[in-house]
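Right after this note come the structures.
Common to both upcoming complexes is chain A, partnered first by chain B, then by chain C.
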Partner chain A sequence: MELKEKLVSSFLAFEDNIDVHSPVHDIRTEAIKTFETEGFPTKKQEAWKYTSLNSILKHDYSVFPKNENALEFKDVKKYFIHDIDAYKIIFVDGKYSSYLSQTTHDGIDVCLMSSALSKPKYRPIIENYFNKIAPKNSLSSLNTAFSAEGAYIHIPKNKLVDKPIQIIHFSTGSEAALMLQPRNLVVVDENSHVQIIERHQSLTDNPVLTNSVTEIFADKRAIVDYYKIQNDKQTASLIDNTFVNQKQESLAKVHTFSFGGKLIRNNLEFYQNGERIDSTMKGITIIGDKQHVDHNTLVHHIEPNCESHQDYKGIFSDNSTGVFNGKVVVEKEAQKTNAFQANNNILVDDKATINTKPQLEIFADDVKCSHGCTIGQLDESAMFYLRSRGIPKKEARALLMFAFSNNVLDSVTIPEIKQRITKIIANKLGVNIGFEL
Partner chain B sequence: MLKINNLHASVEDKSILKGINLEVKPGEVHAIMGPNGSGKSTLASVIAGKEEYEVDKGEILFEDEDIDELGAEERAHKGIFLSFQYPIEIPGVSVTNFMKTAINETRKAKGMEDMPANEMLKMIREKSELLDIDRKFLSRSLNQGFSGGEKKRNEIFQMAMLEPKLAILDETDSGLDIDALRIVANGVNKLKSKDNAVIVITHYQRLLDHIVPDFVHVLHDGKIVKSGGKELAHELEAKGYDWIKEGVGA
Partner chain C sequence: MSKYTEDDLREELKTKEYEYGFYTDIESDTFPIGLNEEIVIAISKKKEEPDWMTAWRLEAFKAWKEMIEPEWANVHYKKPDFQAISYYSAPNSKPKYDSIDEVDPELLATFEKLGISLDEQKKLAGVAMDVVVDSVSVATTFKKTLAEKGIIFMSISEAIKEHPELVKKYIGTVVPKTDNFYAALNSAVFSDGSFCYIPKGVRCPMELSTYFRINQAGTGQFERTLVIADEGSYVSYLEGCTAPSRDENQLHAAVVELIALDDAEIKYSTVQNWYPGNAEGKGGVYNFVTKRGLCEKNSKISWTQVETGSAVTWKYPSCILKGDNSVGEFYSIAVTNNYQQADTGTKMIHLGKNTKSTIISKGISAGKSQNSYRGLVQISSRADNARNFSQCDSLLMGNECGAHTFPYIEAKNKTAQIEHEATTSKIGEDQIFYCNQRGIDTEKAIALIVNGFSKEVLNKLPMEFAVEAQKLLEISLEGSVG
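Then we have the complex of A and B:
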């Protein structure tokens, strides 16, 4: 049976297990219909021209993992940013692990989507926010249909969350092939500030396909600082759908660090519903072998006096492929918009590929929009400079690639993340510059 | 130490050096002066091993070895150092980490172990004091956002750390105010010994008031057209380069 049919027929069984009086029952039913009609996206669609899902859809994924697997913290510690205190929402094979987690209801809610969907006290938030900005396309709808578990974060107004929140989805290989559909909801009320770190991590070589949806709502003057660390096994694939809705004077930043996995597609969309909003998205992609990473971004400037900043760097080796498709829409009312977009790439090997496409749709006349894509080799004069100091060619190249990607980290506000990413980059590029990390 | 015989070099088929002869012995300071476009920076880059430049004829011997086939890093390992006219900005790599890498790669090439961390720190402290460099400066990204003076001082700091046998200072004085010039020149003078040599490339004589040369050479159209003692620099300062050009033309 093809994956699509399997999913559609599984939905009936899934519905049997959950409360039909749930506030999202109708939304799920609607969503599975959308998915059934549309199916998985294909290369015929413009937004999927350079990314084919065929190779990852062929496995016989189990949709509801049966076994619950306990993990010891010491065995998975390295996947945590463990040198800082943090709230933790941890899932193992799609199931919540209370043992590895540290949630809270003390003034803020850092807990589970499953309880938010079932307990009456969360109902107003669910009704106001759940599935409100996720577009009704096939992959988001598929996730919505099966949405049952994930992170639920609600920060009431005027709260500065004292420590970052880590969300990690582990898969243990208990199934021959596993499909996960985590659903996260992040609601940050007026004047509040939160930092979130998200990671998907497979622990075996069994295939894993994750189709994740995260909806983020940043109210007036809220600050949301979100980090995605994508450094998974070569047998794990991720379709990450993240949607951010911002109100006036809010600041939302999403950093995406893509270093591993078989195929990664990041659909990242920002909607600016208010004035003086700042949306920032940055990414570093360093891949090799036959890996494929696709960044598909959208910033929708709806109101005046807002800014957006996009800065994506990519280094592609071997037969790897990168895609960057950055769309910026500036509505007629959105005067005085400042929108910047940069996508710079280095192709290390002849067989590596990057497809980069800026897409600007500007309907306002008083705006500053810039975009630039580069695909290049390393600067020869910089190479000469390093070599003239005794650094051999190979090391000089690595050091320059390190410098090329590393400056995206300037906007990272958690020093431990900066250090961790710096270290991963250095390892990836084979740079040994004696950091005190 | 350095012996250049009838050196012809070109870039993209454009001939720039047209027969240079120069000998530099340990303990000597040579100044190479000349108008813009005479080939001064090309000479520096060719000695340091920049790949864009093609040596068409002649040879460069360093300690009696022909270095034409050696890459820039191998020349550095042998003790050749070039202070860049326009140092390159390398974001994300601190001055300290850069120096550690350079020193340890050089040691590795010589079959030595990495320099112990405490020794490295001690050396960094000593050499940064020599050039009046603030410690905070050392943790900044290499050359990024540095002023002209800071860049040049950083070049000489690198020279101090790498302790080359032959240092080539390419227009190290350009963009320096008088205080920065004095600091840089003092640094160079303190590093001078009977075993190493310095080639100062400059357009103006003012750096040579501080780093006093034993020999001055005038480069014009890819050739050394006049050589003399330090008084030649003063003469050039007073008369400009035109009399040299005329002399050559005549």
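Then we have the complex of A and C:
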């Protein structure tokens, strides 16, 4: 049976286990209809021109994992940013693991989507925010239809969250092939500040497909700092849909570090509904083998005096493929917008491919918008400089590549993440050096 | 003293009428409206074409029937009804003239109004003209001088008769007859166009130019141009268009094929000023053009275009860099005003080793117009050391217009070096202030800035064309280009 049919028919089974009378369920029914008409995206669609889902849709994924699996902390410790204290929302095969997690209701809500959807006290928030900015396209709708579990984070007014929040989705491989659809909601009220780290990790070689949707709402003067660490197994694929809605003077930053997985597609969209908003999206992609990473970004400038900054670096070796599809839309009213977009790539091997499409759509005249995009190699003279000082070729190359991607790390505000990413990069480049030279 | 501001300029732009909007009353031999196999055969017959050409047209027509009109471009317009167009119209007085005196005086007056009168052109050494009025070549000058060098420069219908071996060998090799919707339509019904062949090692001594005009109400023009530069030759080809004012939309779907064999160089310059419609966006020409060049070893193709007209433009002059060390260039200025829409750019397909391409695109939008750059740079896995530099700058005047950039970059070779840059800005108050401060009034300052903005491209036009380009830019952005 095709995955699409399987999903559509599983929706009936899904309805047996949830409260079909809640208002959210109307949204779900609507969404499954959308998915049923649209199906999975194909390469014929402009937004999917360079990414085909065919190879990952052929597995017979089980949609509802049967049994709960427990994990020992010591086995998975390395996937945590464990050297800092953090709130943790951990899922194992799509099920919440209370043993590994550390949630809170003390002044802030860091808890579960399932309880937010069922308990009346969360209803106003769910009604105001749930599925309000996720577009009604096929993959988001598919997630909406099956939305039941995920992270729910609500930071009320004037709160500085004392420590970062880590969201980790583990898959244990107890199923032959598993499909996960986590649904996250992050609501940050006026003047509040939160840092979130998200990771998807498969623990075996069984295929996993994750279709995740995260909606983030940053109210006036809120600061949201979001990190996505994507360093998964060769058999795990991820479609990450993240939508950010910002109000005036808010600041939202999303850093995406893509180092692994079979296929990763990041749909990252920012909507600026207010003045003097700052949006930042940065990414480092270092992949090899037959990996495929696709960054599909959108910044929608709706009101005046806002800024957006995009900076994506990519290093591609072996048979890997990189896609960058960035779009900046500046509406007529959005005067004095400053929008910057940069995408720099290095091709290491002949079989690697880069497809990049930085787009600008501008309807206002008093704006400063630019995009730059380069594809090239490492500077021979810089290489010679390092070699002539006795640094071996491999290390010299790694140093230059690290330098190439370093300005993305500059805006990371959690030092431990910076260290972790640095380590992963060293690992990826096959060298054993700390770059703090 | 009243100050000349950007608002004044906008006002002026709005009220500026199309000054070349006149209509010459020449009796025409027009086919009934509609398109079917009979019409295609009739066109072919009318042109006294050999059977292979008729068959070729019919194949194209067959393919076209299966195709659907493309919708991906960032333009919105009422789709032309292809059954409501007459596919052939030729001036009635058909005999070939030996001297310019025999040409219909009314027609000569038309050219005079355009500032390109034939007798003047004849005296102006260095420019040979193949004047096309409504699809049929009326006068060809300087043919003799060219013939001495072995250069063939004639209308394509003559070429089909006189040099069938060349036409048969090259037509449709760069733009296949089934390439896209409009190219297929053109292949089926093209009425006329130019053919040019430069023999081995010959450097064409003069700039070749053709003027296209749409002159008959309700006829679409389907030009077909084929330029072949044999090994080691050089040619500079100029094409200019002006069209009279028309209320209903006119369709223009041309195909231009360039072939540069080993070590050859082709420079193709276009100044396009089809009727853009009036200030309310009524009328105007639809310009759906397929232009493509093929580069063999060490050859070079350079496209330069100044686009000021047309209600809707859909045009991507491209280079297929097939041979090693070949070079492709694209320089473009696109000016849109009122309700004009332009979706234009280029494709650089790098197949050979050490191939280079440069793209410089300048878009100026005013009024309620939409100006898009759409380009593709593709580096194939065998194209070692390919190099590309792209720059797309947009200038916005007023907040009702839009500027868009859609660059596609696909690299499959690790030695490729690609740079793409795009900026969007308006004429800065500080820039104008700087000029005012130095005693340059605002009008001159805007002229200076727009001129500077498009200079990189204007410089690439052949000298003979610079005046014409200047003139057309003046019409579109009067008062801003000095």
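Quick note on the criterion: the second predicted complex is superposed on the first by the 433 of 437 C-alpha atoms of A that agree within 3 Å, B and C clash if a C-alpha of one lies under 4 Å from a C-alpha of the other, contacts with A are read in each partner's own complex, and residues count from 1 in each chain.
By our rule, a residue touches a chain if its C-beta (ideal position, glycine included) is under 8 Å from a C-beta of that chain, and two chains touch if they have at least 3 such contacts.
Since we're looking at a predicted model, the values are computed, not measured.
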item: Partner chain(s) touched by A:D83 [first = chain B, second = chain C, both, neither]; value: neither
item: Partner chain(s) touched by A:E5 [first = chain B, second = chain C, both, neither]; value: neither
item: Partner chain in contact with A:D379 - chain B first, chain C second, else both or neither; value: first
item: Partner chain in contact with A:D162 - chain B first, chain C second, else both or neither; value: neither
item: Which superposed partner A:I362 touches (first chain B, second chain C, both, neither); value: second
item: First, second, both or neither for A:V348, with chain B first and chain C second; value: second
item: First, second, both or neither for A:D75, with chain B first and chain C second; value: neither
item: Touching both chain C and chain B, counted on chain A across the two superposed complexes; value: none
item: Footprint of chain B on chain A - complex, ascending; value: 379-382, 384-393, 395-396, 399-400, 402-407, 409, 432-435
item: In the complex, chain A residues that touch chain C; value: 46, 50, 332, 335, 345, 347-377
item: Chain A contact footprint on chain C (complex, rising order); value: 72, 379, 381, 394, 396-426
item: Chain B residues touching chain A - in the complex, by the definition given at the top; value: 45, 48-52, 71-73, 75-77, 81-82, 84, 87-88, 90-93, 97-98, 100-106, 109, 114, 141, 158, 162
